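Chain IDs A, B, C and D follow the sequence of writing; residue 1 opens each chain.
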Amino acid sequence: MGKPDLSVEIAGIKLRNPVMTASGTFGYGKEFADYLDLERIGAIITKGLSLHPKAGNQTPRIVETPGGMLNAIGLQNVGIDAFIQEKLPFLRTVNTPVIVNLYGNTLEEYGELAEKLDKLPEVAGLEVNISCPNVKQGGIVFGTDPKAAYEVVSLVRQSTIKPLIVKLSPNVTNVVEMAHACVDAGADALSLINTLTGMAIDLQKRRPILANITGGLSGPAIKPVALRMVWQVAQAVEVPLIGIGGIMTATDALEFMLAGATAVQVGTANFLDPSAAQNIADGMEAYLEANGIADVKELIGALAT
Amino acid sequence: MGKPDLSVEIAGIKLRNPVMTASGTFGYGKEFADYLDLERIGAIITKGLSLHPKAGNQTPRIVETPGGMLNAIGLQNVGIDAFIQEKLPFLRTVNTPVIVNLYGNTLEEYGELAEKLDKLPEVAGLEVNISCPNVKQGGIVFGTDPKAAYEVVSLVRQSTIKPLIVKLSPNVTNVVEMAHACVDAGADALSLINTLTGMAIDLQKRRPILANITGGLSGPAIKPVALRMVWQVAQAVEVPLIGIGGIMTATDALEFMLAGATAVQVGTANFLDPSAAQNIADGMEAYLEANGIADVKELIGALAT
Amino acid sequence: MQFKSMIISNIEVSPGYFRMKMTAPPAAGSASPGQFIMVRVRDAIDPLLRRPFGIFDLGTFATAYTDCGTQTYFEILYRVVGKGTDMLSSLHQGDVLDILGPLGKGFLPGDPSGEKILVGGGVGLAPLYYLAKEMVKTSRVRLFAGGRTKEDILCITEFERLGVETYVSTDDGTLGASGLVTEVLEKHLTAGIADKTIFACGPFPMLKATAEIAGRHDIPCQVSLEAYMACGVGACLGCVTKGRNHSNETPDYRCVCKDGPVFDYRELRWD
Amino acid sequence: MQFKSMIISNIEVSPGYFRMKMTAPPAAGSASPGQFIMVRVRDAIDPLLRRPFGIFDLGTFATAYTDCGTQTYFEILYRVVGKGTDMLSSLHQGDVLDILGPLGKGFLPGDPSGEKILVGGGVGLAPLYYLAKEMVKTSRVRLFAGGRTKEDILCITEFERLGVETYVSTDDGTLGASGLVTEVLEKHLTAGIADKTIFACGPFPMLKATAEIAGRHDIPCQVSLEAYMACGVGACLGCVTKGRNHSNETPDYRCVCKDGPVFDYRELRWD
């Protein structure tokens, strides 16, 4: 047997292997260039970008929790223009698809941002983060209301012809309903999950540890919830899924594929091990070889229930 | 300073300290009698009881996950009559309040069960588990729909004059809305959280590990989510709260109290350490003493935000 | 009982198999063969749950340089299969573990005049050593030990030292007879004396085959089961197995941790 | 750089304070004083994140019984404050750790002719030893070491052996002068020569007081900050601190891990 085929395709984006890096955990790619070969991972997803630079939250912004961590970075980012000026030139030199994660504070901002990104040939696709509050609508989170999600995804869809991935929030009663809304609005693929909202407290100070009070829970702790949601959504929609949540090893990644994911994203694991994404891709290849599986695509949704 | 006062009151039930044992993790109390002093914990909450004996799910029913565990016991229990015959006599000999956790497969079953329990003097209160599917209504979970929750709690309220605690599911978009529905329907107190729905997969077998496919995630992994929900609900309702989720230490328990809980329940920790509940109560006392806090009630909701 | 136990030794006896000797309080000395313990591998949340292990041996030794007299110890024999056992294997003499046990119901030795037939598959041999040690005092004991390959055949010399007659078999024929342990068992069963009891521990298919043999020859047979466990004390209902009369309407679940791990095979459903 | 490092020794130098010596690849020898490493305490998810520590010392030694020539090593000096450091303190010679580093920007020694004033609070002393070791080669170095009580005063002899003039103070007066290290610093500052630079590491209030003194006396001053970190490489934005020009409209956040941990105090906002 030759080398197993690890390539997959998400919404027309061809990936050499299914391992992408999750938004916000891999900076703009360059930060990790010393630790792994950026041309041996499937895709790079940027930190979430907004129309204007965003200061983000006060510190502390992160805290370790059992088997996970909370973050309340507050979506700090350089803004789309600085991204194009300062970050994109480096990414252009890397032969790996770049997917831009984006968010808006209002519906309109999503549209404008998508239009700007649509013009950039270096951008292989868009990942829309809808787990953020709509500032104009009393702060209700786009990603927890099917109607709001439908609206924002529709607008982005009208603003770009690029492959459109929508990233789902797990903080919902019915993730399938949200998935349907996004697909109906024109999403080419769905990625899930974003972080679960959580909180940590300093007993001695009698204060929340995070300046923002609550934050997003990520890491191995959330893996069972993520796997369940990927599996549920895979039963319900036809578009390809990207599994995210607590992936630390090749085994974790392959479990997500069995549950129905076509690709995965590695987030918190990048902090524990900056070469995690590449190690996971290598580990997947080794697993396929050892088990005589010629093509990783055979595993997608292959869970027997 | 004398010994600190650890007593609290939940819906008229006086507890010597705020540490209860969570339903389903402490059997019917007797199983742990060799490992701790049942008269040094605040209250015992029974395994969830139904009108009729329930076989529960196939095995495997449990699996360890990072920092937590999934269970799909399927609410196996001896049924209310056998409980009264076989389990209650022992509990009667223990000078600690017994709270019966109950659930129904239909609305009516909740009502009947509450009526039966209402007549038992040994039962200090009821904890209603609404995180289970309504068999008659296509399996929609009572605890994820405010209307269904309102209905079931109202019915139980009409069926008993005992203190009524409603246990909330975390698998919802808006836990505050659920809390309001339950309080409006007559809940004297709320306990939260029940388990988060999750899944685990055996890569080699390409099968879910649990026979039931999905299960409930408990343990330290879920603590940040539980703390957040307790804090959110504490801002919104007036009734006392019981904090549950990943409590392993006295510090964890006190953090829940700062977030707004009047008492706590210890679940998965009982498996790691069968004397956990007593150790946590002792640890809380030691903390109060070391910090010169005369009364644990001072800490309830004392978080500065 | 819950106690802290200090590791006395932790030795690899065959590739991937370790024997760990630990201190125990005197009261633990009352454990009966077939009972098990649950080990908290680390005082951390990874791994979270305790790991169950049979009691391989139990005894006392005279302490040196102290006035304490004798010290109770026990041993486990374990195979490295995952995270918890891997971590266990890296522990050293002097490290301390938190132990729950002895737990569950062990083997019932029965009438000493009869012949005792032990059937062990792989690391399933573990609880049979302590059983053999007790039974050789009064009874004739034979051991059928099977494994996939020669590395899976453990501690045979120790059994022989007790005076146990041993029959070894491996699936691949690299040690002893070639074939399944239950095949060897059945072959040598006919040759034995009349009043026999079988005591079996190993993988489920082996236990099932053993139960079938016992049924066919009408020999009393006790089997020791494994199950995923959380509490170990009969509270979580995670470890259940179906009892003989089980149906969905009249559930008859038994807790492997509390009603077992040893069961009379006729008490269980084998489908 | 990411590498596996073997523990050479791990010794308690004062109650609750440990010094750990570890092997490193030759390339790690290029680390500059003030840079830090991130340690994966265990190959498990508890604790999850790496823990950051300054480089206390770095060098090479001749290996015995081998043909390898010299081996690069480094040391950290750490205080047991929580789970991760507690676990670190229980590790032994021969145990292996996964290390990321050297990371961040270290101290800029500047003109060797000037006087170098080191200010360390408690375990904040750690990165100053390696700095002193480099600077004594060319410059006059003085150390002001403060702590809450005498147990928090660490490794003074080691500094003195380098030829560093040391001033010790404790809040409770149990060792050296009584009072804050910054008070002692200011008292002895006037006595010094003209061309000075301050290098400070310790708790935030101490750094703030030091920055004020530096400002008042117009002395160049570099401070080493601490922050909760996840990635250590400038990617997660968890560790940021406010730069001089920060406002909500024109955010000027600096990553402690990448732009620091050492900053010119004038680059930062101190409110």
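Keep this in mind: a contact is a pair of C-beta atoms (placed from the backbone, for glycine too) under 8 Å apart; a residue touches a chain by one contact, two chains touch by 3 or more.
Please read these numbers as outputs of a predicted model, since none were measured by experiment.
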| Which chains make contact with chain B and with chain D at once? | A, C
| task | Starting at chain B, find the fewest moves between touching chains needed to arrive at chain C. | result | 1
| query | Measuring centre to centre with C-alpha atoms, which chain is farthest from chain C? | reply | D
| note | Ranking A-C and A-D by C-beta pairs in contact puts on top A-D
| said: Measuring centre to centre with CA averages, how many angstrom lie between chain A and chain C? | reply: 47
| task | Indicate the whole-number Å distance between the mean C-alpha point of chain A and the mean C-alpha point of chain D. | result | 36
| request: Quick one: report the Å distance separating chain A from chain B, using the average Cα coordinate of each chain. | output: 34
| So how far apart, in whole Å, are chain C and chain D when each is placed at the average of its C-alpha atoms? | 53
| task | For chain A, jot down the residues that touch at least 2 other chains. | result | 66-68, 219-220
| message | Could you pull out the residues of chain C that touch at least 2 other chains? | response | 45-46
| request: Report the topology of the inter-chain touch graph, choosing from line, ring, star, complete and other. | output: complete
| field | Of all residues in chain D, those that touch chain C in their complex | value | 42, 44-46, 83, 87
| query | Of all residues in chain D, which touch chain B in the complex? | reply | 45-46
| request: Quick one: which bits of chain A touch chain B in the complex? Just the residue numbers, please. | output: 65-68, 70, 144, 171-174, 196-201, 203, 206-208, 213-215, 217, 219-225, 227-228, 231, 246, 251, 254-255, 258-259, 287, 299, 302-305
| note | The residues of chain C that touch chain B in their complex are 1-2, 40, 45-50, 98, 100, 227-241, 246, 248-251, 253, 258
| task | Provide the residue numbers of chain A that touch chain D in the complex, in ascending order. | result | 24-27, 31-32, 34-35, 47, 53-56, 59-64, 66-69, 71, 73, 76, 219-220, 248, 268, 270-275
